[in-house]
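The following pair of complexes shares a single chain, chain A, combined with chain B in the former and chain C in the latter.
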Partner chain A sequence: MAYVSTKSTPSRKPPLNESTPLGWVKVNMFSTLFSSVLSIFVLIAIFFTLKSLLTWGIFDGVWIADSRRECFSISIDGACWAGIIAWFDSIFYGLYPRDEIWRINLGGILLVIWMVPLWLPRVQGKVFIGFSAVALYPFLAGYLFSGGDKGIFVQVMISGAIVCIAALTINAAIGYFKNDNLANFIIQRLGKNDATEKQQRNILLGILAACVVAVFIWQLSWIEKSISWTRWGGLFLTFVIAGVGIASALPGGILLALGRRSKLKAVSILSIGFIEIFRSVPLITVLFMATTMFPLFMPEGIVLNKLVQVIIAVCLFNACYMAETVRAGLQAIPKGQFEGAHTIGLGYWGTMGLIIMPQALKHMIPNIVGTFIGLLKDTTLVSIIGLFDLLNILRTISRDKPWLGLHQETLVFGALIFFILCFAMSKYSRHLEEKLSTSHK
Partner chain B sequence: MATGVSGSEAVRVKPQEKFNFFQDERVRSVFFQILTVAIVGWLAWFLASNTAQNLDKRGLSFGFEFLDLVAPFDPDFKLISFTAGVDTYWRIFIIGILNTLYISFLAIIGMSFLGFSLGIMRLSNNWLISKVALAYVEIARNVPLLIQIIFWYSVIYAVLPRLKQSLDLSFGAELAFLNIRGLYVPWPVLGDLLWMTFLALAIAAIATYLFRRWVQKRQDLTGKSFPLLLPSAAILIIFPGLVFLLTGSPLSWDIPELKGFNFVGGASLPRAFIALLIALIFYHSAYLAEAVRAGILSVNKGQGEAAMAIGLRPNKVFSLVTIPQAMPAIVPPMISLWMNVVKNSSLATAIGYADLVAVYMQTSLNTAGHAIEIVGMTMGFYMITSLTISGLLNIYNKRVQLVER
Partner chain C sequence: MKLTTLLTSVAAVAAMAFAGVASASAESTLEIVKKRGHVRCQVGPASPGYYFLDSKGEWQGLDVANCHAVAAAIFGDISKLEIQSVSTQARFTSLANGDSDLLSRTATWTMSRDTQLGIDFLTPTFYDGQGFTVPKDSGIKTGMDLKGAKVCVTSGTTTESNLNDFSRTNNLNISAVTFEDFNVRDETYLQGGCDAVTGDKSSMAGNISAFPVPGDHLILPDTLSKEPLAPAVRHGDNQWADIVRWAQFAMINAEELGITSANVDDLKANSKNPSIRRMLGVEGDLHKGLGLEKDWAYNIIKQVGNYGENYDRYMGNGPQGIGIPREGSSNALWTKGGLMYSPPMR
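Showing the complex of A and B:
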């Protein structure tokens, strides 16, 4: 006796297949009734938003016109991009004399040349590249941008910077193509492979000194026209403030964070006070403080210009935020790392510089970049106290007679620039985090 | 020999007798501390003496007497009355603080609701919804707040109708109006006996609370649930409502009316206020959304699955199991975001909303001078607010930690 079905059981429907486009849509957008209704609603909303945005910005947008009135005569509802095109140079360079714009461009290109080796494989001495970019580049760029007479200190630093960028570029080329570094390369070319380390070092230092002296003599005749900071503006000024802020916030933040965690009571109390004061007030109050109180703080005869005041304020403010980011990274380092470092005989600075900081900073890359992004966005605040940064230039357009009342277009353009910069930074930080991660996945 | 290693066998290392003064850790510690304090002290003295000299040279004085002086201007927006030419700078300071707290309060409520919704949307199974939320978050976070504020300010100006064509928000009843200058709404005028209604409301609230506790207790003991929502609502509405009617409805409304070139009566919110509020909510809710998302993701997946296994419905799983466990991870960043709202409301000064910075640190400083005192007082306010909020945060953290064993 057996019960055997004579008919085969109908097979079940296959589960929804996500690999076909239709199946994917069904699973991810129309899985339930509620979800379907929402999806349809959102689709309609997206459609109309995009449609009106594109109509406003592109289809009805006016690109060539001499005034806002003319824009209106062409298209009453469209965006008037002509105003932005007319002001294009000012948006990027402010009131910088048009004949001298090459100086800003050159400064930017030099920075790129300086930094590019960081991203090339096989290049050696990357820590030095980063360090020198912070320590030497500002002098070269600062002179390029402002011109005028050079003090002796600035002259030496400029010479050093020029030698440095040349050496770094050659070093990068040697590293990339021959997997070697500049120092070894020179020694080999001179046939001094067998010399003692001390001799080799002396040779290299001699060459370096000779180069610096040569450049120093050359640069004595290099004089650029002086351009007052009041003519700096636009995206250039935004980058200057953000750049100096970024370059000084990280070192400052590291020092403050170490101070805060220091065993020395006086140091830690002072650090905590400093950090907490700046973190608890809005940046705009710090900027107002800088412009109203710094003149009172300075001894007689010393007058800081507004740009310097603002940059000092931005640096102090962001160093404190960076300090908290770095501190969070330090707290995440297990105690064994400190103990291990002590066991192999490292002192305080050795422990911090070689063992703890590299790990802590690596952990906190997204947060550090997040602070940088915040800094870049915060530079817009300088427009409130009257510097002509990107935002202020954009707002000036709407006060310019032909373009009177041109608000949305300029702000959308500014928003777009910031969005691209900030979004790229945050995406890159995620990438960097994954690349540097040594943990098991 | 009882002990394995006796004194004679073990090699004793004698502590180094030579006391190197410069290598001793304690000496160095004291030395560096004294050095730091000396440098900072010198810097402070240097700045203070320069300031004193500069003040002297310019014939300025330090002191808070200016607070009793009459302020020659009138803030655009104020929650308490102010008469230009009669009231003092101290009152300006208070008005600024109130304005800052007022807009921060509204923005905090708005951004908390929006942020939570967005955070949950980010985790939606619906691909479209989560991507829309993501786009919102990325745009709001990567565009500077100041640009957003000015953008909304100009959009409101472009979109809203002029004074004469004011938009009637009450569909023809002429109660609330929206135009290029701002929002005009009716404002309650409190009657004499209204306190009785408030009293009734308080009593009803206590009664509801007790009722809830009773229901909870009963459920814990017997497992039987008792309808909660409807009876509570009934208590809260009917009792105060009855008292209100019995005392003769002691409440009237001051309705805005177009007279000449402006609306008179009611309460008004200027354009700058609305723009700032929208921008603050838009900007900070994006950050909160990320915090909420991270908090929810930090809850162990097994928790939700276990709750499903014991038969809870998905929304119950979410509200009874996931969210309560996510809160400890969400609240700390949320509270620091609240603090950011208070601080960022100071950007009002760019569009002319009369917050503390605009009205005190800018206008008052320009008319009264006394930079040090005014900057100090303004910063002091923000510091005190910040300390209060972080104090609350610490209390919360302690409580959560106790619950967590």
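Showing the complex of A and C:
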């Protein structure tokens, strides 16, 4: 007589809501009468919205036509996407002369080449990559985009930028494939492994100087046609304003936040005054001040570049918002961290740079990215003062004779572009948070 | 001691600033423009027919042609030009503070603007008038039928106040529905949000042509206001005003004399007509008074065309035109019963 069953009991099926979509629907959407009614109501609303949206945009939409009139003759109620397609170049490049567009593309590609090593594993010197992208790349890109005569300072910076991007690319390749860095690689190739550190450094500096001089001489013959900023526009201009704003808002914000918390009375009062003044005025007011009031104070005949005025205004404005975000992050750091840093002999900048900021910035990521997204969307305000950013170009389509009155499709398209950009930023910030999160979970 | 040092330095800075201003204003606009190498011409946010961007990113339009003409007159090259697009609110400030050299956009020449804003209007390039658009089946035949009606209007221009004046004078009790953007105004009208649209007749004609069914709408015969649309320059530099004014007159005069961009070379070489020869700089020295080169008018006609050519191209039935008939309107030449009249060029 055996009490132990020889057969194993058949495994039971998983609960309905775990196994089939239908089960999930039943448990989550129709569990009670109230939620059933609510679900049906919402589903109907979604169905009709989607149906009319898809009918308008896709099924009745017109993709190929030469004018809005032709769109109407094909489908009177559908969207006329042909206008957007005809204006593609303008939407992305604004009024930029069409045979010079390669300069914008090249500038974009260079930025990608510059930044990609930041995301590659095993590459060394990532802090330098980020720093150089902020300090050197703007000169190279700025000249590519605007052209004309180069001053001696810009020439030097451009040479530096070209050498830098070449070195960074080689360094990234060496790092990725050989898990080494460029400096060591050169020393080994030259067989100077045994030389003293000072000799090695001198060799590297010598090579660097030779490269910069060679590039400097080469770039003397490199002259691009001058293109006025008034021809910048479209998504390109939006990127320029937002890009400079984003690159400068964080450093500016950190300095202002540190200034505000400073024990030096003068520094803290100045910082507080600056932050509060800019934060209590709407951005559009700052922009109007910068572009219409400022020239009144200048001597007659002197006209400052409106784009530069706008970019400065955007940078200052966002640095002030960023300062408060950073200050909030700083206040979350326990006092023990400061004291700990002091006990190991770190000074003010050492404490801030090595101990406090890395911790604080990690906590601030959601807010920082939130400010960046706000900044990107705020750039559309420059259309009010006559710059042809993405929004303004999209609005201009409806004034072009063949596409007269085409304004809904263009705004939908603009919304789509902004959604893609903002959503990508938001997703990336989530990814960063997870990557950097340590023990706090 | 310290106070005196401070006071002296403040005085010195003030004196330097004053000297800077004085020396700068002594320079004429023409000199500044020549030194800079291009003309800064102000237009507005794109407006069909007058100034708009085409899909290649180039400015076009009747008012842009004026900008081109000034650049051609001074530099002999229409590309020596920077078009500035300035919002309606900032347009006159931007001209008065020296940001723009001239303003060539659909600005109505009114007395208060001409006398109070530090700017001078020149000769009108387009005579417009405000009117109403209504649906054909509404039964409205004149503006008087609009009693108690809701009328869509764009804000921030003379249009809105003209509508109020019209409503008050005729005791019509019209309620205005204002919009920033004419596209939204028209959309609201098309969806029945208002009984009529008011605006400049010319631009409304262009807008109606873009409606899904243009034939369903008509422009009422009433004209609410005179709208002479003229370019403007800063007050006080008469030489500059002369240049802009005569660049326009040259285009009108050329049409009257039958000079076009196509035949200008031929006429310059072969014409016996003294008026044509004087204008194109073959004989006489008309250019001296303007401080320009001998072939200033030739360059305008060659590169920009005469007034009629530009009208057809942008306002008339050309491929880019918004289809406003010119015959019989105020914009016809004076010889054909219109108001386009240039003083003789001699």
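One rule holds for everything that comes next: the second predicted complex is superposed on the first by the 414 of 441 C-alpha atoms of A that agree within 3 Å, B and C clash if a C-alpha of one lies under 4 Å from a C-alpha of the other, contacts with A are read in each partner's own complex, and residues count from 1 in each chain.
The rule is simple: a contact is a pair of C-beta atoms (placed from the backbone, for glycine too) under 8 Å apart; a residue touches a chain by one contact, two chains touch by 3 or more.
Quantities reported herein were computed from a predicted structural model and do not represent experimental measurements.
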Checklist line | Joint occupancy of chain A by chain B and chain C, clash or fit | finding: clash
Notebook entry, point to check: Looking at the overlay, does A:G386 come into contact with chain B only (first), chain C only (second), both, or neither?
Noted result: second
Margin query: Is A:G94 touching anything from chain B or chain C once the two structures are fitted on A? First, second, both or neither.
Written below: second
Note to self: Which partner chains sit in contact with A:M29 here, chain B, chain C, both or neither? Use first/second/both/neither.
What the structure shows: first
Next item on the list: For A:K377, decide between first (touching chain B), second (touching chain C), both and neither.
Entry: first
Margin query: By the touch definition at the top of the document, which applies to A:G233: first (chain B), second (chain C), both, or neither?
Written below: second
Notebook entry, point to check: Counting only touches as set out at the top, which of chain B and chain C does A:C211 meet: first, second, both, neither?
Noted result: neither
Next item on the list: Figure out whether A:H407 sits in contact with chain B (first) or chain C (second), or with both, or with neither.
Entry: both
Notebook entry, point to check: Thinking of the overlay built on chain A, is A:S280 touched by chain B (first), by chain C (second), by both, or by neither?
Noted result: first
Notebook entry, point to check: Given the touch rule stated above, what does A:T292 touch, chain B (first), chain C (second), both, or neither?
Noted result: both
Checklist line | Single chain B stretch clashing with chain C - from 27-35, 99-107 or 153-161 | finding: 153-161
Check: Same chain A residues contacting chain B and chain C, which ones?
Finding: 288, 292, 295-296, 299-300, 384, 395, 407-408
Notebook entry, point to check: Which residues of chain A touch chain B in the complex?
Noted result: 28-29, 31, 35, 38-39, 42-43, 46, 263-267, 270, 277, 279-282, 284-285, 288-289, 292-293, 295-300, 373, 377-378, 380-381, 383-384, 391, 395, 407-408, 411-412, 414-415, 418-419, 422-423, 426
Margin query: Looking at the complex, which residues from chain B come into contact with chain A?
Written below: 29, 32-34, 36-37, 40, 46-47, 50-51, 53-55, 57, 125-129, 132, 138-139, 141-148, 150-151, 154-155, 157-158, 339, 343-344, 346-347, 349-350, 357, 361-362, 365, 371-372, 375, 378-379, 382-383, 385-387
Item checked: Complex interface listing, chain A residues touching chain C -> 68-69, 72, 76, 86-87, 89-90, 93-98, 228, 230-231, 233, 288, 291-292, 295-296, 299-303, 384-386, 388, 392-393, 395-396, 398-402, 404-405, 407-408
Checklist line | chain A-touching residues of chain C, taken from the complex the two chains share | finding: 17, 20-21, 24-25, 27, 32, 40, 45-49, 52-59, 82-87, 90, 93-94, 97-99, 181, 183-184, 186-187, 206-207, 209-213, 319-322
